[in-house]
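Reviewing the structure listed below.
Labels run A, B, C and D following the written order; every chain starts at residue 1.
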Amino acid sequence: MSAPASLQVGLVGLGRMGRRHAENIAFNTPGATLCAVCSPLAQERDWAQQHLPSAERYEDYQALLRHPGLDAVFLVTPTALHGEQIIAALRAGKHVFCEKPLSLDLEECQRVAAEAARHPQLKVMIGFVRRFDASYQDAHRKISEGLIGAPFMVYSQTADALDPDGFFVRFAASSGGLFLDCSVHDIDLARWLLGADQPVRVMASGVRAVHHELEAFQDIDNGVAICEFAQGRLATFYASRTMAHGHETMTEIVGTRGRLSVGANPSLNRLTIADAHGLRNECTPSFIERFAEAFVAEVRHFVDAVRYDTPLALTLQDAIEATRIAAAMRQSLLEQQPVQL
Amino acid sequence: MSAPASLQVGLVGLGRMGRRHAENIAFNTPGATLCAVCSPLAQERDWAQQHLPSAERYEDYQALLRHPGLDAVFLVTPTALHGEQIIAALRAGKHVFCEKPLSLDLEECQRVAAEAARHPQLKVMIGFVRRFDASYQDAHRKISEGLIGAPFMVYSQTADALDPDGFFVRFAASSGGLFLDCSVHDIDLARWLLGADQPVRVMASGVRAVHHELEAFQDIDNGVAICEFAQGRLATFYASRTMAHGHETMTEIVGTRGRLSVGANPSLNRLTIADAHGLRNECTPSFIERFAEAFVAEVRHFVDAVRYDTPLALTLQDAIEATRIAAAMRQSLLEQQPVQL
Amino acid sequence: MSAPASLQVGLVGLGRMGRRHAENIAFNTPGATLCAVCSPLAQERDWAQQHLPSAERYEDYQALLRHPGLDAVFLVTPTALHGEQIIAALRAGKHVFCEKPLSLDLEECQRVAAEAARHPQLKVMIGFVRRFDASYQDAHRKISEGLIGAPFMVYSQTADALDPDGFFVRFAASSGGLFLDCSVHDIDLARWLLGADQPVRVMASGVRAVHHELEAFQDIDNGVAICEFAQGRLATFYASRTMAHGHETMTEIVGTRGRLSVGANPSLNRLTIADAHGLRNECTPSFIERFAEAFVAEVRHFVDAVRYDTPLALTLQDAIEATRIAAAMRQSLLEQQPVQL
Amino acid sequence: MSAPASLQVGLVGLGRMGRRHAENIAFNTPGATLCAVCSPLAQERDWAQQHLPSAERYEDYQALLRHPGLDAVFLVTPTALHGEQIIAALRAGKHVFCEKPLSLDLEECQRVAAEAARHPQLKVMIGFVRRFDASYQDAHRKISEGLIGAPFMVYSQTADALDPDGFFVRFAASSGGLFLDCSVHDIDLARWLLGADQPVRVMASGVRAVHHELEAFQDIDNGVAICEFAQGRLATFYASRTMAHGHETMTEIVGTRGRLSVGANPSLNRLTIADAHGLRNECTPSFIERFAEAFVAEVRHFVDAVRYDTPLALTLQDAIEATRIAAAMRQSLLEQQPVQL
């Protein structure tokens, strides 16, 4: 049996994550060819010309979709564009990988789902990268094998390093706020690791500890939430923008016979320093370093699923549920009341 | 200057914790003499005769209070007796150390406080032992010194090892439930470490993961709660009765310039094992082992405070606040609504 | 400036490490093309046909060297073949990457060095992979930056998981023994991290704790050695074949103002398990998992150095010194005397 | 059965360790009474008057030995005095606890042993405190239970924090040097944990990394040694005076089915800090903090053994063997040759 032809991929958006995905597709993914890239910015297209010379460059998304032989698109664009771009790609007959979140708007999520349902032969995946991290994969496998008995509780946090420039503050208006930007990852992990399909109620709270200017956006820089699922399952979430030591993604899953933790020490690497500051290790500065390998595995998974027509690890419905729960958490924060789901 | 005479101490209640306190007073506390013990059980008094021969034995609490020269009593008795026993001791002119919690009933707490106010020369302390643990002391000192900037958030958990015999289940009726029995410690730590005096609102949830028979007591075996304090301070609590690996008390304090964690690894000691199970350490089986040294420090602190008439590290009001918040958490759990404080 | 053409690489030897290198060259290395592979075994060539279809397959090494346009060879062959194969490649005008060790025989090492000196335009590198590991790179960088003051001591160990099949025992005759097979890595690290060029004296000892049949080969399964370098620098080595928990490569570098450790916990990933065995993490089963990323970085370094004609991170002389010191350790073990260098 | 009378103890030497032992005997040891102390320094006797008022103070050792009712002496005096003071105590009919090392001189060790043999009813114990540390006790128990199969190798280190004042340098002339001062502990642990009675050969090396003035005493500030025991058992030792992060006593025991480590992280307590320096913990500044509880356990063990006439955990012969091996290590260092034992 001969392997299918190399998947012809076009990538849209060449910001930090876009460039990362582009290089992973081009140099780290057997069976994929990065044949086209698209950015409205001349500077980003210049970068592509130098670093990805074999990819055709486009300024316009519709033009990229007409690239000869194109099989699939990777959308690494602002969240507000996701919905229409996915729908356009599907209508052009292309498989779609899109960065998280699918959308901040539940109706738009449903429109995308409806369109996808009209193209059952096309794959659509939202990039919940943590599912492809080796440690989270290992946790999921061990739970499936029964190592911790019946899992019933998750604690999961996304804690970003403090950015003294307040870069993210300028995007607070469009990010959907802390829970929709950060906690969607944790929500997706909780659903996946607990096997919990029915959220029942959320309660949230939060503070502005450092970035007081977030008040203008009704946003917070540290928030916690409890999410109750059906059948006695429970999740607690914490998200922060203000860590001094780096990025720390951490998740605990408690079962009736044990507990798993992923990321209890956000170590940068295997180096330990013993000096006047004590015994210490440096930490991952951002999710980019933390999930460097998972981003590769994620792309490989998508490419393989398309080439061999195998099921994707996560569905559009998973992405919609993460948005739905995160939106309820934001509502609970603003209304200072539990929100039923 | 000569040191004050040795403090003459009478101890009431010779269960597991009572015996522990008795031995600490008798053998580990400079400046204290265990002159009397009291238990209604002949078996416990026999134990005392053998192990604490210099202490007079009493069956009756009132008789113990009349022991010649008695300066102070240690109450290690069922919670339901705390209020009346403290009041009786104060009226007899004795200093009082009482195991936590002060009471499950807020009115009784207030009665005790009122009686204590009538005896300003007598010391009364409730045994929130964690404040005397070297690691928690170190955390508090570092916060005071500004190491983590302004502290604004606490995550604190009390997670007990699963007891296959369900010992605690039989006491569920009188324990006040998971939050009043376990989380009071975490609440007290959060108040102390955050310097947070005004609780505003609590939200709680919980499950019965293993001990389904707790339903009869409207109790749970795993619970979480969020407590909002004034001035943008926040605490999240977790309590569990079902850990597979042992007892794990853990607390994180997040500040604007750093985070402290106490008990991230509940290691039994400094031994690490590398074998077919991986790299591992055994864990503290219960709070008794975890806080063995803190129980000594707590007694020494109380004895010194009485002998030298120096302030106690915690006040009756601290104990009342812990009960008040824990009771609100239980109410929130039962009513499935946030509770304002 | 346009990038140089893709480097045409032929790989020789398709055992476990050969396949790993082949896939890394083919799918993970920008600027390299795996154009040819060579193995005397039909089964291995069949594997290549399926997994590396674009690479021409050869049974004979000389034929591979004549592959049109070939720029460089990767030798992943038995140690006994390294010398002659490197020399043949150099004479054919090819750059050479060769797996460690260069040779067990110092005279052969010198013959290779002499031949390499006749081809200054060709790159030759021996695969001391640990130098390309991110944690070791970080350690070296921090030492260069002065973080630990003047480094003066190294402790380094290579401890392999016990192989109940005793696979390595069958190769004891040709491996050169524990020190030449395993400790060469640690020796190279010590020289690199200490900046120590002149070994002065070695003393070694060892035992057969499990594999008593190694006596026939005058080999051991656990050994230690001390190596003194000029200018008051010192290294201690430990090598083992009998670990129960997995493969553990660990190195400590002590300086006048601090100490660095690489690999203090040989964790498989970021997962921690809390269960009846305590708090634990699984460990890397072998060097393959431990150095998976370093093998990629190593290949990329070699390919870049050839394409851009930049210096290699390590020289043939480095490889020869590692062999020379390891051979002295073996001699010290056998003669039960220190050996001067 | 009534308990024996309280043991009447006299303590000699009120330096840092002497005061520590005195307070442990006086306040932490059931069944012991500190009835007398002895110091040639008025300042130390004044300290005792204030802190240990119930103990009679002596300037002269012989006078202390005549204290009415004295049962046992604790010698916390300069090493050079140990031999004669132990012998004098034995002749006066007193049980003896003496701080390590017994002596730097093997002949004196033998004289003490000979005298002790003449008083079989008297207990003599040298304070190898690590045997009483809970973690080392746990290690020994687990080895006895077979957890790691047959133990065959030990790595043990005593690494002291750098003392910028070079306090210990002034005592280099009388300390016996690094190995006799520090490594005796590790030697004793290796013998105990391996159950290894017959040392065969030692090889040692060392450097002066910081304290170059030690050259005048033929001493070093960092040293390593290998000790071969009979029956294929092996130990490697490391001692240092120059750590930047604190005191680090660490011991690994390797067996055929696993490995134990004691002290892999010399954490001061259970506090972890996450800040701009990374994730870190402070370390034990000296052996005093590291072994605070073991010093208590050691005294209790000795007192119980005397009161109940039970065997001591370690014999005079153990102490002599530690000195014998450490002396051979020093000889190997000076002669630059292995030393047979």
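Basically, a residue touches a chain if its C-beta (ideal position, glycine included) is under 8 Å from a C-beta of that chain, and two chains touch if they have at least 3 such contacts.
These numbers were taken from a predicted model, which means no experiment stands behind them.
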| item | value |
| --- | --- |
| Partner chains that subunit B and subunit C have in common | A, D |
| Winner on C-beta contact pairs when A-B is weighed against A-D | A-B |
| Separation of mean Cα positions, subunit B and subunit A [Å, integer] | 42 |
| Whole-Å separation of chain centres (CA-atom averages), subunit B against subunit D | 37 |
| Approximate Å spacing (C-alpha centroids) for the pair subunit A, subunit D | 56 |
| Residues within subunit B bordering two or more other chains | 148, 243-245, 257-259, 264-265, 268, 273-276 |
| Contacting residues of subunit A [partner subunit C, same complex] | 2-3, 26-30, 53, 133-135, 138-139, 142, 147-148, 257-265, 268-276, 293 |
| Sites on subunit C touched by subunit D in the complex | 148, 150, 152-153, 155, 201, 203, 205-210, 222, 224, 226, 228, 232-234, 236, 238, 240, 242-245, 254, 256-259, 264, 336-338 |
| Subunit D - residues contacting subunit A, complex | 243-246, 248, 265-268, 273-283 |
